[in-house]
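Labels run A, B and C following the written order; every chain starts at residue 1.
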C-alpha cells in the first residue's frame, strides 16, 4: 500500500523543475480556456497540441495518457450513450433502431463535453504528476498562503492511507467479535457503526497527540518560517504566468461580451 | 547549576477534583539522566507535560507552585519558547510524525523551518543528528514506511535537531518491540553521554537500572522516592505502590531470607550485581 | 466436542507477494497455555490470524475442532475463537463499558439471561464492575485495554487469543493478567498469546513456540526452549532475566521463574555443603 496519496512521478525533466505556480497557472488557464473558449475543436486541440507535448517534455507521457484515459473513458461512454439518445431538441437523426434514435446534436454535445472534461482532467493530472505536493506547498507558503492550510492539505494526503490501514484492522477486530460484515443490506448497515465508531473515536485520541507533537516542533511559533527546499523561479516564468492570466482574461472577456 | 527546579508543584487537569501532581519539589542538575517510574495514572506523563509547559499551556487546568526550566518560569513563558529549551518525545511513534513532510530528511527539517533557521544552517545540523540517532540510511524514505523503532528515532531526531537543553521522554519504548526498544534506549544513552540532560518516564525497570543516574518514583501524583537507582529500585515501597521490581531484586530478596544472599549486601538491580552477589556467597 | 487446533502444512503468502508462513504444522490441544514469540516479521501475527479465519491458508489446512477455517465466516468462527487485538481503540464504540462487553455475546445469539451472566462474569474478572456505566473513552488506555479483554472474554469461547496483552500495562495490571490467564486455564480454555514480554511468557505459559522467518523454530516447555540460546538469538529473543542470571552462575538446569531459580540455588548449595 502506498504511504501517501501523492501522484507525483519522480523524473528529471524541465517540466518537473518548473516553478509549481507556473504549472498551476498552465493548468488553470488550460481548463478555463477549454471551457470558455470558442470553437468545437478547441478542447481537443488543447489536449493534443499542448497537454500531450507538455507531458512528453516532462517524461511522463505514457503515465499521463494512461491515467487520463482510465479516468475519462467511462465518463465519456456514459455521456455519448445518454446524450446521443436523449439530447433534448435533437432533430438530425443519424441512425435508428427499435424505439431509439441517435441524433447528431446529441453526439456533438457529448463530444464537446467529453473533450472539455478530458482537457480538465488532463490539466490537473499534468500538474499532479509533475509536481511534488511538498514543493507546491512550500512555494505557496512562501507566497503567503497560510501554513495551517497547506499543512491540512499535505497531511491529508498522508493520513488517509494511515486511516485506511486502521479501518482494515477495525473491521478485523469486529468480525472477530462475531460481527457479520457480509450478506444482506441490513447486516451491512448494522455493521457500519462498529466500524466507523472506533475510527472516529480513535482519531479524536490521535488528534490531541498530533497537536502536542506539532507544538513540540514549534509549528505555532510566531516567527518567519524558512524552508529547506529552495523552489526556483525565474523572471521568464513570471512573464509566462502573466501572459497566461491575460490570455485567460481575454477569453473570459470574449465569452461575456461577444464581438 | 540546576537546569530544572520545581517548587511545590500541584496540578489539576480541567474539571477534576483529584490533583494529577501534588506538592512536587525536586531539582535536576545539568547533564543528569533521571528516570521517573510509577504505576499507570501515578502522574508520570503529567510531570513530562509540566516540564515542557504543556501543562498548563496546552491542557489548561490549575497549577500552583513553580517550575523553572533553564531559568524560565514555565507558567509565564510561552510554549514556543519553552520548546527551544525542553524537547518532548512521547509513546506513540506514529502520532509524532508531523504529516507535513514526505521524507525523513524533510521531517527532521520541519522544526527548524518553523524556527526560521536559514536553510544553509539546517543541513549540517540535520546530518549530524541523523548520524547520532542512526537514521542516515532512511533519509529519503517516507517516515510512514518505517518500523515503530525507526519512527521513534525519527521523532527523537526531529526534537534533538532543535537543540533543546533538556530532553523529556514519556515512555518512549512502550509501543515498541525489543529490537526497537533497544535502538531507542541506545540512542538516548548516547545523547546522555554527550552531556544532554534527560528525564525519562519508563516502566522497564531493568533499563532504568542500567541507564539512570537517579530515579524518582511517583504514586498518586506524589514523589515517594528520589535517589540513586540501587536505592530506589530495591525499596519495598515499590511493591506497595504497584511499581514492581526487577526479577534480580525479587530473587535476591527471597534468597536473603533463606541465607542464600549475603545478609549485609545491598540487593541487586542489574544482572552484574546479582551475579556478583550470588557468586560471593557460593564460596 | 474437543476444540483441538490442528494446523497442517500451512503456507501463507500475502497478496503483495511476501511469504509469511512456510510449512507450519502445529497441534494445540484443548486447555493448553501457549505463547508465541519471535521478532517482528517472523510470522506470529499471520499465524494467529489464521486461527479465526481473518487470513486463510494459501496451502495447507487450519482446523478448529471439526471446522475448517476455510468453510466458515470469521463471524461464525468467533463462536469458537476469541481474539483480543493489541490496540483496544480498534474495537471500542459503545457508550458504556457494559454495552461494549455485551456486543460480542449478542452477536453470537445467546439467550438474554446467558448474555447478562457472561457480561457480569467478564466485568468481575477484569475488575470493571464499578466502571460498567462509564464511557470507555473516559477511561485511561490501561483500562480501555481491560474493557477490550472483557468484551472478548464475555463471548465465552473455548479458545482465546491475545495479541501483546502486556503492552502499555503496568506492574499491577500485568499481575492481574496473570491471574486472568490462570482463571481461563482452570475453566479449561485454550489460551494463546503473542508477546514480546519474555519474563511474562516464562512465568505464565506452559508451552512456548518460537517463530522465525515464517517457520516454527522451537516448540516446547520453557525449560527446553530457553536452553536454545542460539536459536533464540537468531529471531532476536533475549531469554528471561533469571534464565540469563542462571546461565551466568551455571546453576543446574535452565531456570526462568523466581521459584525454580531459588530451587536450583538451594540444590546447588546443598551439594556444595555435602562436599
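Keep this in mind: a residue touches a chain if its C-beta (ideal position, glycine included) is under 8 Å from a C-beta of that chain, and two chains touch if they have at least 3 such contacts.
Note that the structure is a prediction, hence the values are computed from the model and not measured.
*Asks:* Suppose chain centres are the mean of their C-alpha atoms. Which chain sits farthest from subunit C?
*Replies:* A
*Asks:* Which chains, taken as a pair, are joined by the highest number of C-beta contacts?
*Replies:* Answer by contact count: the chains A-B.
*Asks:* Could you put a whole-Å number on the gap between the CA centroids of subunit A and subunit C?
*Replies:* 46
*Asks:* For subunit B versus subunit C, what separation do you get between their C-alpha means, in angstrom?
*Replies:* A distance of 30 Å separates the two centres.
*Asks:* As a quick test, compute the distance in whole Å between the mean CA positions of subunit A and subunit B.
*Replies:* Inter-chain centre distance comes to 44 Å.
*Asks:* What positions in subunit C touch 2 or more of the other chains?
*Replies:* As it turns out, subunit C has no residue touching two or more other chains.
*Asks:* Of all residues in subunit A, which touch subunit B in the complex?
*Replies:* Answer in residue numbers: 3-4, 6, 132-134, 151, 154-155, 158-159, 161-162, 206, 209-230.
*Asks:* Could you please specify the touching residues of subunit C with respect to subunit A in the complex?
*Replies:* Those in contact with subunit A are residues 49, 52, 54, 73-75, 78-79, 81-83, 85, 87, 89-94, 103-104, 107-108, 137, 151-152, 155.
*Asks:* Which stretch or stretches of subunit B touch subunit A in the complex?
*Replies:* Within the complex, subunit B touches subunit A at residues 52, 54, 58, 79-80, 83-84, 87-88, 90, 92, 94-102, 105-106, 109-119, 122-123, 142, 144-145, 155, 158-159, 162.
*Asks:* Taking the complex as given, what residues does subunit C use to touch subunit B?
*Replies:* Those residues of subunit C that touch subunit B are 39-40, 140-142, 167-174, 196, 198-199, 236-238, 240-242, 244-245, 248-249, 258, 261-262, 265-266, 268-269, 272.
*Asks:* Which bits of subunit A are touching subunit C when the two form their complex?
*Replies:* Checking each residue of subunit A against subunit C gives 166, 169-170, 172-182, 193-194, 196-198, 201-202, 204-205.
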